[in-house]
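Next come two complexes built around chain A: one with chain B, the other with chain C.
Our next item is the complex of A and B:
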């Protein structure tokens, strides 16, 4: 493993040691975060799956009704009937923080809350009752559809976050920490080597000085 | 009016009647292996002249639209009394008015939704409505448009456009029929209005709307009085058929209610009411004088177009043959 390109000084060693302990603590924290994110993510995916199934089923049924409506009404009549929607829905998007991920929270308000019979924007004389069925189903599936959007977006955001965290954890685990360890080891060895050289030099000088003393 | 003036038109139509698509051919279309195969069967009918225009079965709407146009221009050609056909084509005028009014309010062009079959050509209609110049319109139509706009601007409810114009449309049709003084046609309209009202009542019931709303959507001019519907709104479905057992509609009501209780859907009633009208129309099959056969042919043709649409939509979306057959309307021949 490659060591960092630093001067083997004592001061450098202290900084590196500090960095090493920070990296270790960071690694542990990130690892915990990743685990927790993963746990929540799995829960959410399960919820997402169920919702998606339910929504798809209901939408399918609605489209089936719609198909039948289009069979008994001509395209022009059908389109004329529904081109001008009656209901207005306002959507309020806020964010919620899950493990430092900002996920959306959608809240929608129907202007005709409690008056479900009024959603039909057309007259009765030229339209088929099958259209009512299709519209009613669509109306009922809307809250779930919105929930699905919310959960699916959250899943995406969390997946991104998990990936980012994993990359950080891995970088710390396989790059930063080994590098630091290596460099610390290298500096220590270098310093020890210097120390030993110093001692040898001192010993040599001592013996030289002793020799000189004897010769006098 | 002199019933003899229709003789020439009738003899011509009697020939054309033989070219209507009969039930067996419809059955063959339903049992065809694909939508393309079903289209091929149309080749053997009057529709063949339009088939050259399209390349794929998905474009069947073009064929149906062209045929509708052709039929109306044919009818205007053969009829000695224009007003007679006007009664039927008014429906398209009002449709066009609805489209244009909605286009105006939405500020988007909706020209593709116009059907150029009405008594007023769509181009003219567009100019008239744009300039709010209704002088050329029939007084009832003019009143209809003006009242509709007032109501719409009051509460900005697009449903009101449809409801109001529907009401005026039937008023207009009835007044035209009254002017014509033909009992057969007036009764035809009355039956249509009754059946629409019954259907409306079912739908309003299903939508859980209150009486006031029903009052605005019930059409005037049928055989059954408005009060009949108003009083029946809160009845249970079973009682409804019993309550109306004195009317001609008892049979179809009974069958529809049975089906409704099973499936929760009103489509049986829609089918049966179309069939009921067809039965009524069929009475004119052996008439050689009077306007009845003209009306009959037009209705027969419109039903035929509806049936082809049901089959084509079913075929293109791989709906089971029984399901298509269930919805198919009674044919004239």
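Our next item is the complex of A and C:
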């Protein structure tokens, strides 16, 4: 690992030592964050996977029914019957903080317009039973679909964050910390070497001076 | 207050209309892209897109993946699932964990 390009001075050594301890602390914190994120992520992604499979299955069934309905009924009638839905769905989004990742928490508001009667926005005279079935299924799958939206988005955001954290941890672990260690070692060696050089020089001068005195 | 939208081919999304979700039928890729961009900037928090439409819109969807809102969620169309949604879950796992553990 290459050492940093610095002057081997005492001042530099102090700065580097400070940086080294900061880097080590940062690395530990990030590593902890990564572990906890991963734990949460795995729980969530499992839920996501199951939810998606269930939703796709149910949605597929509902589409099949709807396809049957549109085959039995004429297109005009079909469109006419569902053009004015009884219900309106809106949602409220708050954010939740999971290990510094902001994930959305969605709250859905289904406001039934009018009575609490049937969910169907049409009379039964001109519509087929398949349409009723399709809409009922779709209506039942909707809460799951909305939950899927929330979970899947959270998973996406967390996956991104985990990737980012992992890069940082790796950069610290395999680049910054070894570099700092190497450089600190290098400066220490250099300073020690200077010290030894100095002592030898002094000893040499002393012996030279003694020799001169004896000769006089 | 945020809204929900469904984008996809007409036959698939029509059913959603009946249960009170706003639907935006699209046919061409370009049209779909513009619709999604418009919805995203118009206070829609959840946009359901059929896989049939989404398969050509990787870039656009990827762009919104990083943002908190909107959540673009793929749903199967009436021609069945293309498994893009499940594939995306797998991709997420691989991105985060490194290997597919599911």
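In the analysis below, the second predicted complex is superposed on the first by the 210 of 216 C-alpha atoms of A that agree within 3 Å, B and C clash if a C-alpha of one lies under 4 Å from a C-alpha of the other, contacts with A are read in each partner's own complex, and residues count from 1 in each chain.
Methods note: contacts are C-beta pairs under 8 Å (C-beta built on N, C-alpha and C of every residue); 3 or more make two chains touch, one makes a residue touch a chain.
Since the model is a prediction, treat every value here as computed from it, not as a measurement.
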Partner chain in contact with A:62 - chain B first, chain C second, else both or neither: second
Chain B versus chain C as contact partner of A:87, first or second or both or neither: second
A:71 touches, of chain B and chain C: first, second, both or neither? first
Chain B versus chain C, judged by how many residues of chain A each one touches: C
Partner chain(s) touched by A:79 [first = chain B, second = chain C, both, neither]: both
Contacts of A:123 with chain B and chain C, given as first, second, both or neither: first
Which superposed partner A:133 touches (first chain B, second chain C, both, neither): first
Chain C-contacting residues of chain A that also contact chain B: 67, 70, 79, 81, 83, 85-86, 120-121
Interfacial residue positions of chain A with respect to chain B in the complex: 67-68, 70-72, 74-77, 79-81, 83-86, 116-118, 120-126, 128-130, 132-133
Of chain A, residues touching chain C in the complex: 38, 41-42, 45-46, 48-49, 52-53, 55-56, 59-60, 62-64, 66-67, 70, 78-79, 81-83, 85-93, 95, 102-104, 106, 110, 119-121, 134-135, 138-139, 142, 145-146, 148-150, 152-153, 155-160, 162-163
Complex contact set, residues of chain C against chain A: 1-4, 11-12, 14-21, 45-46, 48, 65-66, 68-69, 71, 73, 75-78, 80-81, 85-86, 89, 92-93, 95-97, 101-102
Touching residues on chain B, where the partner in the complex is chain A: 61, 64-65, 91, 95, 98-99, 102, 105-106, 110, 113-115, 157-159, 161-163, 165-166, 169-170, 196, 199-200, 202-204, 206-209, 213, 217, 219, 265-267, 269-270, 306, 309-310, 313-314, 317, 319, 327
